[in-house]
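In the part that follows, the structures are each spelled out as structure tokens.
After this come two complexes, each holding chain A, first together with chain B and then together with chain C.
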Partner chain A sequence: MPVAAWPALAAVAIGAGLAAALLLVHHKAAVLAVLAVGAALLVVAQRTRAGERAAASAAAHPRLVPVAVAACGLGLVMLLREDNFALLMLCTVALQTLAALGLHLQFGYAGVANFAGAAFLGVGAYTAAVLGGHLPSVLVLVTGAGLAALAGLLLALPLLRTRGHYAALITIAFGLLLRTFLEVNDTLGGPQGLKVPGFTLGGLAFNDAIVFDEDTEWSFYVPYAVLALALLGATHVLVRRLERSWIGLALDAVRVDETAAAAFGVNGGAWKIAAFCVGNALCGLAGALLAMVTGFVAPPSFAFGDSLVLVSIVILGGIGNPLGLLPAAFLVVVLPEKLQGLQEYRFLLFAVLVILVLRLRPGGLLPRRLRRWPGLP
Partner chain B sequence: MLEVSGLTVRFGGLTALDGLQLRAAAGELLGLIGPNGSGKTTFFNALTGFVPVSGGQVRFDGKDITGAAPRRVAACGIARTFQRLRLLSELSVFDNLMLGLHLDLPHGPWVNLFARRRLAAAVRERAAEARELLAVFSPALAGRLAEPLRALPMIDRRRVEICRALVRAPRLLLLDEPSAGMTPDETAALMDDLHAVKARRPGTAVILIEHDMAVIERVSDRCLVLDYGRRLCEGSFAAVSRDPEVRRAYLGEA
Partner chain C sequence: MLAQHLFNGLMLGVIYALVATGFTLFFGVMDVIKFSHGDVVMLGAFTALATYAAASGAGITHPALLLAFMLAAALGVMALLGALMARVLVLPLRGAPAINVLLITLMAGTAIRESVRLFYPQGSNPKPFPRLLPEGAFEAGGFTLRYDSLILLGLGLAAIAATGLLLERTRLGLAIRAVAQDPETAAVMGIPFRATVLATFALGSALAALAGVVNGLYYSEVNFGVGLLLGAIGFSSAVVGGLGSVWGAVLGAMVFAALQTAGALVVPGGSAYRDVFAFGAVIALMTWRPAGLLAERSAERV
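On to the complex of A and B.
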């Protein structure tokens, strides 16, 4: 019997609705109400196994669901087309999720903890600041990703010679070093930072508002949001495919038991480094575009705390399940902006959230499932 | 096929293997026995590159693989199981079996990320092979390919571990105490499995570490007794079990 498409479509619609609501509401009470609805839906989905039905339905309609997601994404952008602030938040959420996808590939699959996500974001961002205007924007993004991967390669040797906590410490040290370097380096603007030229594509400058006539004017964040969501969508599909392939299996084997993996010929070191580089490239890509969106880079945006934000997105979302990253990023990025007064205490909030998740739902908001192989039922 | 001469492994002042001599021929099942701490598992670990070799030589099919890294040993066609199961318990049975096939699988980005139809066809083919292999051990297990490994009972986990070592059709199979932690019934079933292994891969040499003498008696072609890292004696199980040296080592007689 064919599996119906509606559970998956309903899940997509509910997700988009919650996202829109969270971005649109302003009152504290309304924000909390949206959160409560979201939490209630999560509990209901778990109790009634609706989540599993939606997942099965999504698996049965591999073409329809991505189209629905894209439509919802575009719809969300159109809904917010005149709201600068909401669109900026949407861009930030999408790009933080993109960076978190990188971390998730490193930590969730290969088991390499990276506490320097913001540093690699920074490599991409400063690349955009230095090269922007000199190279076509698309090339700037690619270079930002490439340089972030290269910077990560510096850590390859120390990472291979350490394990667990010690490897994590190395990434922390790298993040602190990079930030200090940015602060004292005058050609990179020192503590004041640098301006970043906007994204241009075939004569379309993304930083100009889109004016139709006197009454209709779309925010200049509209094309950025579309681009960020498109990049996120494409990367998500690739990461999903990677997981459901021989590569994903090799990475899992390295994470779960490197000794057993080695006994069957898996080169654990090479796989870890490959995952680390690809993950950092995604951070660099996100950083480069984020810098173009905000138009400005400075060292404080790439501090250790920002790396921790990325890590908490991965833990909240569900280690090993890329789908959970988006709702987690929404919570982590949007909540402090919406609940004024919380901004100062945001790290406290994340800490409490992470502890609650680890205590009550160790698999994260959307825990990982067994690998669904292509070709197998 | 496998020729080990003078193999020595020292951990600091402790000599775990002391000039071990050992040969295994194609198609042979060699039982490796000896008291706890006599160096059986150390021999496996030294052979497969998990502990450094202090002296001696290991030749496999004429190639010197002394102290080779685990990856190179695996590439030569040597597969092993572990005394304490080392399965990927959070992954599926199929995933675990496919780890055994790692060296034969394509890992290029194109095949894995973009040629999804080809990948799906390959996965289907591998799954059919895996089912067939599992069915040799247990038809019920073959139907549980997609289940998480941790859902399986102990005996089936052992079977999966042995199958993982067998999927790539190794030339030498090292089994490290497969009956550990099993009930007598399960051990009996496992002995049938070992016969099935021999029947299915007649050219594969098997070295079996085992404490259960009934298992050794039933399945081994030849036995080698280790004591304090040295070969104590070698021969058929009947001959070895009568040997006074062996009795002294096992029972501690003066």
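On to the complex of A and C.
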């Protein structure tokens, strides 16, 4: 029996609607109401198995659903086209999710915990600051990703030789080291940081507002938002493909039992390092574009706390489930901005939130489903 | 000059050793890393500070008495908090992936840090720590030996020695070592698992509070962020020494302090880069000896 497409499309539409509502409302009570609606929908979806139907329908229509998601993303940007602040938040959410996808690849698939996500974001961002204006912007992004991967490669040998807590220490030490380095190094601006030139593509400077006539003027964040969402979408598709391929299977095997995987001829070390590098490259890419969007980099944005925020996104979203990252990033980025006064309390809030999730729902908000092969019952 | 650096390095090493001992004790009994440990150090210092304010408000002026109150409050409250955190955050997650415990305690540490920043009066500014130890110094050539540093050094070394004696000579120590070696056999022998774990966490957290007070007295200042770096340093020291071994932790702490001191001396650009150098060296050390300098000998059964 063919599976209908509407449950998946409905889920996409509901998600986009919630995102738009969260970005558009300003009043505190309204924000809380949107959150309550979202939480209620999540509970209903669980109780009525609507979530499973949506997932099954999405799996049955692998071409239609991505198109619908892309249309919703574009629609969201168009809806917000004159609202600078909302678009900036949308960009930030998209790019944090992109970085979280990198961490997800490392931790969710290969089982390598990275507590220096913000440091790799920082490598990308400082690359954009130093090279911006000297190279074409696209090349700057690529270089940022490459340098982040290269920085991670420095840790390859230590990470391979250590396990568990010892490996966690390696990334923590690297994060602290890099931040201290940025702070004391004068050629990189020291504690004051550096300015970052904007993105340009074929003569189109992204930092100029788009003016049609006297009355119609779009925010300069529109092209950035489109670019960020496009990068996120492309990466998401890539990661999903990776998960379903033999590479994903190899990574799963290495995570679950490296010794057993080795017995079947899977080279655990190589896969772990590959996942680590690709994940860091995604962080670097996100960092480079984020630096161009905000036009400024400084060491405090790449502190240990920010690495923990990235880890929180991965944990909250559901370890191993890339779909959960977007709503988690929405909560983590938009909520503190919307609930003014909460901005100050955001690290405390996330800390308590993650503790509660780990105690009460250890799989995350949207846990990963078991691997299912088409054709099997 | 060299003697001066040696003494300063030794002082740092003792503070780090107090923190690292906690890490290694927790790892011993529960095989977990409690990453909120550094923030417990910081909270211990702030508890002492609050006690100082309360006690001097009540009219107590004698420095030794004040210090005794501060130490009693800081050590007592942190021991309770340590046991509470073990009860609420660590014991329930027994059997969960190790990374979950690491994360939950990292987040608990963040919660402690942010709470102090937000809720302690003007918590986001560095706070002056009262100078309660006798002032003055012994001088010989270019070498200055402050009496207060000497007292702090003695205090720290005494605490470490006492912990070592406790572990090796008392029934509680025997219980802790038994649980560390094999919880199930220990339970069969009639050693209460939960009580031993709670006692271990109380002990480690009291040592952390002592480290916080010593650190505050040494630098005459505390701020809410000091725990993050001290925690990372203590963890590094415990790992470099080899988790699970108290003397390993002390050795690791001394190695880290030596690295920092050497970094400040050797690296061009001076003391600004000392942490960069020290953490870089830790990563290199871990690559060379992945299980620490004094590693527990173990083979993985497949």
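As a working rule, the second predicted complex is superposed on the first by the 371 of 377 C-alpha atoms of A that agree within 3 Å, B and C clash if a C-alpha of one lies under 4 Å from a C-alpha of the other, contacts with A are read in each partner's own complex, and residues count from 1 in each chain.
The rule is simple: a contact is a pair of C-beta atoms (placed from the backbone, for glycine too) under 8 Å apart; a residue touches a chain by one contact, two chains touch by 3 or more.
On a predicted model such as this, the values are computed, not experimentally measured, just so you know.
By the touch criterion defined above, A:Leu22 lies against neither chain B nor chain C after alignment on the C-alpha atoms of chain A. Of the two partner chains placed around the shared chain by superposition, chain B and chain C are both touched by A:Thr259.
Put simply, more of the residues of chain A are touched by C, taking chain B and chain C as the two choices. By the touch criterion stated above, A:Leu242 is placed in contact with chain B alone, chain C being left untouched. Using the contact criterion defined above for the overlaid structures, shared-chain residue A:Ala250 touches chain B, although it does not reach chain C. With both structures placed on the common chain, the touch criterion links A:Val31 to neither chain B nor chain C.
Of the two partner chains placed by superposition, A:Leu232 touches none, neither chain B nor chain C.
Taken together, the two complexes place residues 259 of chain A in contact with chain B and also with chain C. Considering their complex, residues 48-50, 69-71, 74-75, 79-80, 82, 86-92, 94-95, 98-103, 105-107, 109, 111-113, 116, 119-124, 127, 146, 148, 164, 168 of chain B touch chain A. For chain A in complex with chain B, the touching residues are 238, 241-242, 245-247, 249-250, 252-253, 256-257, 259-267, 370-371, 373-377. Touching chain C in their complex are the following residues of chain A: 113, 155, 157-158, 161-166, 168-170, 172-174, 176-177, 180-181, 184, 259, 304-305, 308, 311-312, 315, 344-345, 347-348, 350-352, 354-355, 358-359, 362. Of all residues in chain C, only 27, 33, 89, 92-93, 96, 98-100, 102-104, 106-108, 110-111, 113-115, 118, 228-229, 232, 235-236, 239, 243, 269, 272-273, 275-276, 279-280, 282-284, 286-287, 290-292, 300, 302 touch chain A in the complex they form.
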